[in-house]
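Should a chain be cited, it is by its letter among A, B, C and D, assigned in written order, with residues numbered from 1 in that chain.
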C-alpha cells in the first residue's frame, strides 16, 4: 500500500479502524513491529545529516530525576546507589532500581498502548507484546533513529500571534495552532521527518516551587494537541514518523471523557495503536527551541538510540539534535 | 596549555604524574569534569556529519542482557518487570531493577576509576565524585557526544597479516598491532576523533555454549591494548577523545601484577584518571566492522547520548555509527 | 519517673508536650530508642507464655502483596523475581525489589513519624533518625517482641450492641466503643500488653471487586480510633506498649483537618512521637478474631520479630498469636 | 505411613529414593507442601510454651547486612533507601531493593533445592514450584512455626572434650560429634523439635578484618554436618522438623565431589528434597548459645514467622528463642 514514490497513502485513503479513526495496519507487512519508523530510509538519513550547518549539539533528555515529583505517581523515581569497589584502586559502580523509563523524558514504544483492549499496533496481541515478540522498544533500538526534525514552537508562536498562552494551563492545540507554528519555520514537513513540539511545559514545571509541583500533580493537566480526527489526519498526512514534545502526553491532558469525543478522547490509541507513530514525551526541548528562535533555523539532524532492552516498553530518548 | 592550533601537547611534553605516567590535569582548567571531551568542537562536529555517505545506521549497544552471564559477577543482570495499566485501555509500563550500566555495553565516566587512592581525574576527590559535583556521567550527557570515529579492526587485520588470533585468548595488542589495523583503513587520526577497536571478543563470547560462558567467567581473560607506556603515549598522541571496544576493558585482562609493570599494570588509571579519556567497553561492533571490511570505509559519524543521571558513574553508550 | 510498682505515670500526670498532648520523653532515659517496649520485662514475657492453653497458632501477617492496590500509591508493590541456579542441581533463589515494608501488614517504628517538624520520639533529631542512630526498627528487632495480647473486636462488638457498622465506611471509634469491645472480653489491660484491634477493614477490602478497590483507594477512608485527647489518654493509661489493627492507620482516616482538632488531628504524632508506642497497621486479624469469638478467650501470647534492618523504618510484624 | 503414636517411620523403614537415600514423600499426602512441619501439633506447641522459665528473649536473625560480603557473590546485599514524606509532618518510609532473603540469616523453603533435576520435595515439578503452587515459603508462613528447640553447641562441646576446633576451618561434624553436643544438654530429642546447631562460624566471620573476609569468600569453606548417610539417618530419626545453624549451609562446605560420596555429596538434596526438612542457615546463635552454656538449660521455645511472600523461596527466619 506504500505509493510508488515512497509516500504513504493519505489519511482519508486509509481503511477505517473498527472502533473509529483510520488504520495503518499492514502497510509494512503483517509482522511489522517498527510502524512508521519503516519510513526511515538511507536517503533520508543521508539528507538529514546535511542539515547540520554549525555543529551545535543539543541533548534532549531531561535528567532521570528531572521531572520531580513524577507526573504519574505509580511510576516513581529511580533509586540510584553508588557501589564502592576498592581493588585495585578506588573504583565506583552505580546501580539503578525502580527505573521506569517513562518517569522522565521518554519514547512510548508501540507496546505501550493498545488500540482496543488486548490489541496493539498491527494486530499484535497482548501475548505478543508481553513476550517481547512484537512492538517492543528493542525493535527501534536495533534500527537506530536518525531523521530530519522540524521544531514547532507553539510556546513562542501563539503569544507572537497575540494569543494568550500559559504552559501550565492545559491548552489544547488545534491544527491551526500547529500550522501557525509551522508557518514561522518557513519549512514543509517531509516523509520520515520527526516533529518536535515545544510547549514550554516541562521547563515551566521544573521552575515551580516544590510544594506547587506536589499540589499540581494531584490535579494533572498539561497542554498538547487536541483529541480530534482533524489532528489525527494532520499528523498522519505530515509524513512524520514521530512526534516528540516537552509536555506530558503529546496530546492535551486529561483525555476527553465525553461519549461523542473522537475515538476514546485519547489520541494515543490511534497514534500508537493504529498509526504506529512514535510518541516522545517530556523531552527537554527548551534550549533547542531558544536556539531556533535565535537563528531562525527550525530544522536539524536528530539522532536517538533507544535503550536496547529486550521486550521493553519505554525508553529515555537518548536523543541529540544537531544543527 | 592547549596549543595555538587547538592541538594538545604531545605526551612527552606533558608533566609527569606523581605515581608514573603523564598528566593531562589542568589542560581544560582546574574545575574541568569533561576531560578530553572538551576537544569536541562545533567545527569537528560539523565535519563529522559530512563523513556520512550512504545513510547506513549501526546501533552499537548490545542488549541490556546481552552479556550473559555478566563478566563481573557483582554487577548482576538487570531485572525487568512489565506493569499492566488497565485504564483507559490496555497499557503497559516497565521497570528495571538492579540496572548496573556497566553490565553490558558501557561508557566509563571519569568518576569510575581513580588514579591514586581517592584522587580522580583533574584532582577531584572522592567526596567530589560521590556527591556528583565532578567527573560524573551527566557532564558528558549534558554535552552530547558527536564525533568522527575511526574503526580499528584488529580482529581482521591480525589474521590478514598472517598472525594467529583468537578473540577468547586474552591477547595483548601492541602499538604495532594498532598501527597495522590503522594502516588498513588508509586513514589518519584527527583531534577529537573516537577510536572504535574491534577485537571480536563480544561476538565470540555471545556464541559460546551456556556452560562454557559460565565457566569462562570464573577465569576471566579478554583481549585488549597492552599495559605499557608506549600504548599510553600512542593513545594520547592520536588526538582521540575516546576509545571504545567490544572487549571487556579496552585494555587486556587481567591487569599486569608485576611490580615493574607500567604504572599499576592497569591502564585505566592513567587513561581515565590522568588523561580524562572516555573508555567504551563491550560495545557491539561486529556489524559495523563487517560493513567497513565490506565497503573499505573505516570512518563514520558517531553519536552517543549517555544517560542523563545526576551523579552517575556508567552508562550505556546509546551510540549510533552512521556511514 | 517510672513508679515503684513498675507502672508508668498516668496520662494526666505526664508533662505537657509543647504543641499539645502529653509527653513520655525521658521516662526511659535521654537516649532511649525503644519507647514503651521498655515495658516488656522477663516477668511479663513469662506470664504471657502461660496464656497459651490449646497450642493454636495464628500468623498475623497478610501476604506481601495482600493489600492490592496498596492504600498509599507511592508505596507500590514489591517486585518478586525467581532466580534459577542450575548447579549442582536445580536450585532457586528469589529477590525482592521495591519492597516497602509499609505496603502490607506492618509495624511503624518510632522513626516513622515525627511529633513536630524534624523532632522524633524522645527528642531524636532528623539526623539521628536518618543515620540509624536512634528510634529505627532494628532497636525493636534486637529486643524481640513477646507480650500478652488482648483482642478488641469492635467489628463484632458494635453490631452485637445494636450499632450499625460497616468496615468500609471510615468509622471513628470512641473510647466508649473500645470499652464496649473490652467488656466483651471480660479482661483488664495490663502493663506491657499489646492491643489487637479488629475492625474488619482489611478482610473487607480484600473481598471487594478489583475495580472497586482501585476506585476506593483514590478516595481513601478507613475506620480507626478517633483523634481525641480522650483516646490518647485511654491508650496511654491502658498500659499497652503497642496497638495493632487490621485497618490503615490504627486511627480513623483521613486525619481531621480542623484547627480545633486535638493536636494535629493526627494521633500518630502523639502516639509515636510522644508516647513511643508501637503502631501496627493492616495486620491480618480476621482468623484470630473469629477464633476468639468462638471460644470466648480474647487474650493470647503474641510474638513478633521485626526485620533486623539497620536504620530501617517499617517492618512486616512477622507476628504469631498463640492461644 | 505415620505411626499410631504420631511418630514417623524410622529412616531404615522409609522407601529408598531413586537416586540414593530414603524418601519421605507421601507421608503427609500426595499434595503436601509443608514437609516435616506437619509434625507441629497443638499439643507440641503448648508443651513448647511451657519450656519458658525466665522470660528471656533471644532474637536469632543477623542484621540484613550482617553477612558482609555475602558468602554467595551472586546474592548481593540489599540496597536500602529512606524516603522522606513531608506531609502532614516529617515522616519516613523505607524501601529495599535487591533483597535476597538468603543473603543473611535464612530459611530454605522446600522450593529452594530439588532432589533430582526438576523434581522437588514430594514430587513437585519445577512448574509447580515456579508458579508458587507447591513447596514455597508461604506454606510455612501461613502455618507459623512454634516448637521446642534443642541447642547443640558443637563450638563449645568439641573443645571441652579436648578436640581442636576452629570455626573458620571447614570442619565436618560427625554423628558422634552431634551426640557429644547433645549429651552435654542432658536432653533427648522429641518429635517436632527443632535443632539449633551452634558452630561459632557466623560470629567468627563477622569478627574478621574487612580484607580477610573479602579474601575468604573467594575460597569459601564452612563447618557443618558431614555428607553421609549416617548423618541423614541421625537427623531423620531425631524427629526434628528443622535444623538451623549459624553456618553457611548446615552441612559442611564445599560439597563432596567424589563419585562415591553419599548421594551427590550434598545433603541438601536429601534433607530438603526427600525429607521435607527445613534448613536454617546463618542464624545468629551466639548469644543464645552463651546463655545456655551459662545456665545449663539447652532447650527453649522457638517461634518463627517466615515472610508471607506468595511463591517465595527463602525468608529471614524472624525467629525468637524464649527461655
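Observations on the structure shown:
Following the convention adopted for this analysis, a contact is a pair of C-beta atoms (placed from the backbone, for glycine too) under 8 Å apart; a residue touches a chain by one contact, two chains touch by 3 or more.
Since this is a predicted model, take the numbers as computed values, not measurements.
Farthest from subunit A in terms of Cα centroid separation is D. Interface comparison, B-C versus C-D: the higher number of contacting C-beta pairs is recorded for C-D.
For the pair subunit B and subunit D, the distance between mean C-alpha positions equals 46 Å.
In this assembly, the C-alpha centroid of subunit C lies 30 Å from the C-alpha centroid of subunit D.
In terms of their C-alpha centroids, the spacing between subunit B and subunit C amounts to 53 Å. Shared interface positions of subunit B, defined as residues touching 2 or more other chains, are 74, 95, 97-98. Residues 40-47, 49-50, 52-59, 61-66, 74-75, 78, 80, 82-83, 85, 88-102, 104-105, 111-120, 126, 129-130, 138, 141-144, 146, 255, 264, 266, 269, 301, 303-305, 307-314, 316-320, 322 of subunit D are the ones that touch subunit C when the two sit in their complex.
Subunit B makes touch with subunit C in their complex at residues 79, 81, 95, 97-98. Against subunit A, in their complex, subunit C makes its touches with residues 73-74, 76, 97-98.
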